[in-house]
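Per-chain residue numbering starts at 1, and chain names A, B, C and D are given in the order in which the chains are listed.
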Amino acid sequence: MAKNLPQTGIISWITTVDHKRIGIMYAVTALFFLLFGGIEAILMRTQLMVPNNDFVTGSTFNGLVTLHGTTMIFLFVMPLSAAFFNYLTPLMIGAPDVAYPRMNALSYWIFLFGGLLLNFSFVAGMLPDGGWFNYANLSGPKYSPTHGIDFWVLGVQVVGLASLIAAINFFVTILNMRCKGMTLLKMPIFIWTTLVTQVLLILSLPVITVALVMMSFDRSFGTGFFDPEMGGQVIMWQHLFWIFGHPEVYILILPAMGIVSEILATFSRKPLFGYSVMVYSTCAIGFLGFAVWAHHMFTTGLGPWAQALFSAGTMLIAVPTGVKIFNWISTLWGGQISFTTPMLFAVSFIAMFTMGGLSGVMHSSPPIDYQHQDSYFVVAHFHYVLYGGAVMALFGGIFYWFPKVTGRFMDETMGKIQFWLYMVGFNLTFFPMHFLGIQGMPRRIYTYAGDQGWNLWNLMATMGAYITALGGVLFFVNLIYSCFNGKRAGADCWDGRTLEWTLASPPPEYNFAVDPEVTQLDDFWVRKFDATGNRVEPALQPEIDPATKHLPNPSFWPLVLAFGILLLACGPFFDAKGIWLSVFGLGVMLLGTYGWSYEEA
Amino acid sequence: MEILKKSTWRDPLQRLGLGWMAFSTSVFAEGSKQAKAFDEVEYQLRATLESPMNTIAGLTEWARGINHVYGITTLVVTLVFLAVSIPLIMAIVKFRVPEGTDLKQLKPPKQVHGNVQLEFVWAVIPVILLLFIAVPTWEAIFEQPEEAPEDALVVKVIGHQWWWEFQYPKYGITTANELHLPAETPVFFELTSADVIHSFWIPKMGGKKDCLPGKDAMNSMFFVTPAASEIKTLGGEYFQGQCAELCGSSHALMRFDTVLHTREEFGRWTQVHNQPPQVTSALQEKGQELFAQCAVCHTLAGTPSEEQEKSMLALGTPKQGPNLSNLGSRKMLGAGTRWNNQRNFIEWVKNPQSIKPGATMTAFGHLSEEELLALSAYLMQSTVKKI
Amino acid sequence: MVSDHEGALHATNTGIDNRKFGMWVLIASECFLFGTLIANYLVNRARGLSGPKAQEIYEIDITTLSTFDLLMSSVAMVLALHGCQNRDVGKFRFWTGIVVLGGVIFLGFQYYEFSHFVHNGLGLTTSIFGSSFYLLTGCHGLHVLAGVLWMSTILATSFVRGDKWFPDVPLEVAGLYWHFVDVVWIVIFTVVYLFVYI
Amino acid sequence: MVGQDSNHASVRTYWNLAGILCVITFIEWVIFKIEDLRTWSAFMLPTLIALSLAKLIMVCGWYMHLKYDHKLLTYVFGFSVFLTMMTFTILMLALR
C-alpha cells in the first residue's frame, strides 16, 4: 500500500522518510521560526530604545520576552542543530539511513506541530508571559488565569517529545550503524558532539516532561504541586526546570562546537588539534552538565553548602571548555587558513564564545551572582554564548554544507557582508548590556525611568539590533538567490576531510553506492595523498542505478501519529469539551500506531 | 507646575554624534512619546552620572565584599581573555593564505595531531586560576549569617504584586515602598511574598535575595548600613531598589527607596510614624470621612482603620492595599512609579490602571473633583510626619 | 510484522538489533522520568496539608499481591519469549495470554486501590501528597496499560497470522519494556509503600 | 533471526528466579507487617534497599537478558540509573 506513493511533489515531502529530506525540512522550518524570534527581538528592542516608551504594553512585552526566548531556543537552535544531525550523521558515518527512518519523520512532524501550537498564542491573542522558564507561582492558575501559559506548557511539551524521539534515533544510529573500520575514536568530531548531545537530550527531557505535566495538572485540574497554599514548594519547579535547563544549554552549544571543529579543520587544511582530548572534554562537559543546575538559583536561598558545591561545579566546567578553546586555536596554528564565509563564522565563534564563557565564569561565584542574577549582565552573558556561539556556528554550518545539500555555493560576497553586519550588530547590541547589568538594570522590564543612566546603552543596543536584523534579511536573500543561481559545487567542493564529501552534491537518495571503509581518522583526507605526499585523485562514490538499492518505503503514518499528539495536546484549551478532543486525539494516535506497525516497511 | 524636560534620548546623540544613530532614531523617535511618567525635573537632578542602581558603589561591608570577589574575578577573566585572544589573532594574521590561491596545488601544512604536554598545561593552569576565584567566593558565601544577630534591627519585607510592604516588628510599624533605616546598624531582613516570587534588591547595599511565597520559604538578608557620613542630604540619603524577578505585567514598576537616617533621626521617625494624622482644615476633615471607603484596603495608623485591619487579620484575610500612615512624607507614589505630588495623586486615585497596568486597586473615577481635592488634602498633608 | 528496514539490514557495529538497542535507550530515558516522579513524591509525601496521611491510607496486603502478580507476569513474559524462540506456538500464545492476564489483574488492583483511596478522602486535589502519589502510580499504571495493549496486539496478530509467525525481535522488545515496567514497580513498591515509616 | 544461542538461560533457571523473587517479596511483606520493626529505619532502610536491589538485578540481569547481551546495554542502563540517583540525591539534599 505504501509502495505506490509518488516520489516527487508535496506528497513525497509529507511522506518522506529519507533523512536528507527531513533534514532540509527541519532547516527550513527552523529558519522560518527564526523570523518569528527575530521580529520579537526587534519589537522588544524598539520598546526599550528610549525610557518609558509605550510602543507595547507591559504584558505584551512579557509575552514577547517569553516567546522570543522559547522560539529561539526550542524552535530555532535545537531544530537547526537537528537539521545538521539529520542530514550529516548518516553521511559522515557511512550509513545508508538513520536507524529508524519513519521515527525520524515522526519527530519532525511532532516538532512542527509543537512549534505551530506555541506560536498559535499570537492568533489566540493570549501570549504566554512567564519568561522562557515560566517560574512557578506566576505561571500558576491563580496569577495567570488565561490560556496563554498553556500554549507555552503544551508547546514545549510537544517539542520536547519530538527531540526525545529524535535523540533515541540518532543515539542508536551513531553507535550501531557506523561503516566498516570506523571505531568510536575514528568518527568525525561533529558525530561525537552529536552523540553527547543526544545523551543529554535522552536524560534531561524526561525531567522537563514531568515538570510540565505537573504544571498542566496545576493549571487544568487544580492540583497544588507548585502552590504554597496547598503545601507545594515554588522552588520545586525551578529545581526541576533547571535540572533540564542546564543540560539544555549544553544541548544548544555542543553541536555548534562540533560544526566549528569541522570547519576549522577543513579551512586550516590541518586535522583538529588534540582530537581525543576534544572528545573527552565534550563528554566531561556533558556529564558535569547534570551537576550544576542550581547556579541559576543562587538567589533563592539554597544555603551556603549548596551554593559552594554548585559554584565549584560550575567553575569546573570552565576547564574542559577552556581546553576546547585552546585546541581550536592550536588547530588554526600552523595551518593554511582561507577565510571563506564559514571560516569567518567559525573563527568569530571562538572569539565570541570565549567572551560569553568568561562573563559566565564571573557570575559562577554566588556573591557576584547576587548582583548579576536577573540583571542585563546575565542577558549579555547568555547572548554572547548563545548568539555569538551557537547561532554564529550554525550559520557557518549552513554556509559550509549548503553546497553539499543543493549542489550550489552560497554567494561569498553577500555572505561576508552578512557576517560583518552580524558581528558589528551583535557586539553593538550585547556588549553595552554588560554595562546595563553593572548599572543594575533588571531583566524583563518593559520600561525604565529616564534617570537611571541606562538611556545611552539601551539606545546603542537597539541600533545594534537593527543592524543584525539587516544582516538577517541579507541572509534570506542570499539563501533564496543561491538556491537557484549560486555557483555550481562538485562533490568535494571545500577539499573536505570527512565521508560526506565523497558523495555527489546533492547526494543520491541511497547515499553510498559502495559501503565505505575507513582505516583511520580523517580517512578521506589521508587518501588524497600518496606515500610521498603529492596529491592523488580521491576515491569518490561511483554512480549506480538507484533501483538496485532497497530504500525504506515512504509512509504517511508518522504524520497521522503526530497529528494525533497535537490533538491530544489541544485538549486543555477548550475547558469543558476539551476532554473529548484529547480522547479523539488518543484515537488518532492509536490509529497511527497500528497503521504504522502493520505497514510494509 | 514643573517644566517637563524633553526626554533624554537627545543627549547621547549630541555626545556621540553618530550619523547612523541620528538617522534611525529620527525615523523611530517620532513614535515614542517624550518622557511623561518619572521624569519630573527634581528626580532628573538626582541622576548624576553615577546611576542610582549601580552595583559597584559598595556602600556596605557586604557590597564591598562582593566587589572584592568581583575585582579578583574580573582580573582573572581579563587574563584568560588575553591568553586566548592574542594567540588567536596571531594565528589568523600569521597563517592566513592570500585570497584566491589555488589550495589544491599548495602542499598541505604539517598534519599536527596533538601534543599531550600542551593539553596538560592548558588544563592545569585554568584550574589554578579558578582557585583564585573559588577561595574568596567560598569565604564570602559563608559570611552571610543564617539567623538574626541579637543587636540587629529586624525588618520583615513582604513582596506584593507590584509594591513592597516593610514591617518593623520591634516598633510595631508597617509601611510601604519606603524603607527607613538607621545608619551604622546591622539590619536583618526576613523576606517573604504575599503572592508570586519577587526579588528584594538594593544594588548599592549589596546583592538581591528572592522573596518566595509560602510560610516555610522565608529567605534572609543581612548587611550593616553605611556610616552617617554617607548621608549628604537633609532628611536622609535615598538609595534605590527594584524587584528583580519577573512578577507580572507591572514588574518594571515595582521600585522602592531606602532612606538612610542618622540614629537619632531614625529614633524620632519610629515615634512619629504611628501618630494619627493631624486634621487641621475643613477640607482634611471632609477627606477623613471619604477615607472610610479606602479603609477596606488601606490602613492609617491611629485611625479606626487600624482596628479594622486587626479584625481582618484575625479572620486570616489581610488588607489588600499598602499602609498609608506616612504617605505625605514619601517621595514617590505607586512604588516608585510617580513623583508624590497632588496632580499625580489625583490621577492615581482616578485611574490607577493607567499608571500601573494590572494594579488590583479599583478606580475611583466616580469621585467629584472637589472630593478628590479633599481626599488628597487629608492623605497628603495630614499624614506628613516631621522628623 | 516486517521490521523497519529488513531488506537493507545494516550489519550493526555492536551486533545488537537496532530496535532492541532503541528500547534500551528508551528504558534509560524512562529511568529519569520515574526518577523525577519518585523524587517529587519523596519531597511532597509529608507536605500534604489536608486529607489522610500516607500511614493511614496505604493497604500493604493488596499492594504486595499486585507486586506478586506483576512479578509472575514478568516470568510469563520470559517464558513466552522462550516459547517463541523455540518455535513452540502453543507455549508462546499461552504465556503471552498469561502476561496480558497479569497486566489486567494489576490494573484491576490499581483501580480498586484508587477508588478505595478516593472513597477515604484522598482525591487528586485533596493534598499535594495525594497529587504526587497519583501522578507517580498513575504514570506507572498508564505504562502497564500500554504494555497490556502491546502484548494483546501481539497475541491477536499471532492468531491472525497463523502458527508460522514468530516475532522474535518484536516480542523481545516488548519483553524488555514489560520487564522495565515491572522493575519500576519494584522500586515504587519499596519507595512508596515500604518507606512509609522511614 | 536470533536463533537458539547456547548461553540462553534455560526454563528451569527462570522458574528458580521466579521463586526467589516471590520469596524476597514475601520477606519484605513480613518485615513490614512486624509493628515495631517497620519504624526502626536504621534497619529497615538498608534491608529494604538491599532486597529491592536484589530483585532489580535479577530481573534486569536474567529476564532482560543483560547478562548475555553486549556490555554496551549494561553501560547505557547503568549510566542512566547512576546519573538519576546522583542528580536526585543532590536535589533532595538541596531541598532539605
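Quick notes on this one:
To be clear about the criterion, a contact is a pair of C-beta atoms (placed from the backbone, for glycine too) under 8 Å apart; a residue touches a chain by one contact, two chains touch by 3 or more.
Since the model is a prediction, treat every value here as computed from it, not as a measurement.
When the interfaces A-D and A-C are ranked by how many C-beta pairs touch across them, A-C comes first.
At the centre of the protein atoms shown, by the Cα-centroid criterion, sits A. Here the CA centre of chain B is 53 Å from the CA centre of chain C.
Centroids built from CA atoms put chain D at 37 Å from chain A. The geometric centre of chain A is 33 Å away from that of chain C, both derived from CA atoms. Put simply, the C-alpha centre of chain C and that of chain D have 15 angstrom between them. Looking at chain D, residues 72, 80, 83, 87, 91, 95 sit in touch with two or more other chains.
Residues of chain B in contact with two or more other chains: none. Of all residues in chain A, those that touch two or more other chains are 175, 202-203, 232-233, 235-236, 243, 303. Under the stated contact rule, the graph of chain-to-chain touches falls outside the line, ring, star and complete shapes. Against chain D, the residues of chain A that register as touching in their complex are 175, 202-203, 233, 235-236, 239, 243, 290-291, 294, 302-303, 306, 309.
The touching residues of chain D, when paired with chain C in their complex, are 1-4, 8, 11, 14-15, 17-18, 21-22, 25, 28-29, 32-33, 38-39, 41, 44-45, 48-49, 51-52, 55-56, 59-60, 62-65, 69-70, 72-73, 76-77, 79-81, 83-85, 87-88, 91-92, 95. Within the complex, the chain C residues that touch chain D are 14-17, 21, 24-25, 27-29, 31-32, 35-36, 38-39, 42-43, 60-61, 64, 67-68, 71-72, 74-75, 77-79, 82, 85-86, 166, 168-169, 172, 175-176, 179-180, 182-183, 186-187, 189-190, 193-195, 197-198. For chain B in complex with chain A, the residues that touch the partner chain are 7-9, 11-12, 15-16, 18, 20-21, 24-25, 28-29, 31-33, 35-39, 43-44, 46-47, 49-56, 65-66, 69-70, 73-74, 76-77, 80-81, 84-85, 87-88, 91-92, 95-97, 99, 101, 103-104, 106-115, 118-119, 122-123, 126-127, 130, 133-134, 136-138, 140-142, 144, 146, 161, 195-197, 199, 201, 203, 206-210, 212-215, 217, 219-220, 242-253, 357-358. If you check the complex, the residues on chain A that touch chain B are 46, 49-55, 57-59, 62, 129-131, 135-138, 142-143, 228, 232-235, 268-271, 273-277, 299-301, 303-304, 307-308, 311-312, 315-316, 318-319, 322-323, 325-327, 329-330, 332-339, 347, 350-351, 354-355, 358-359, 361-362, 364-375, 437-456, 459-460, 463, 466, 495, 529, 533-535.
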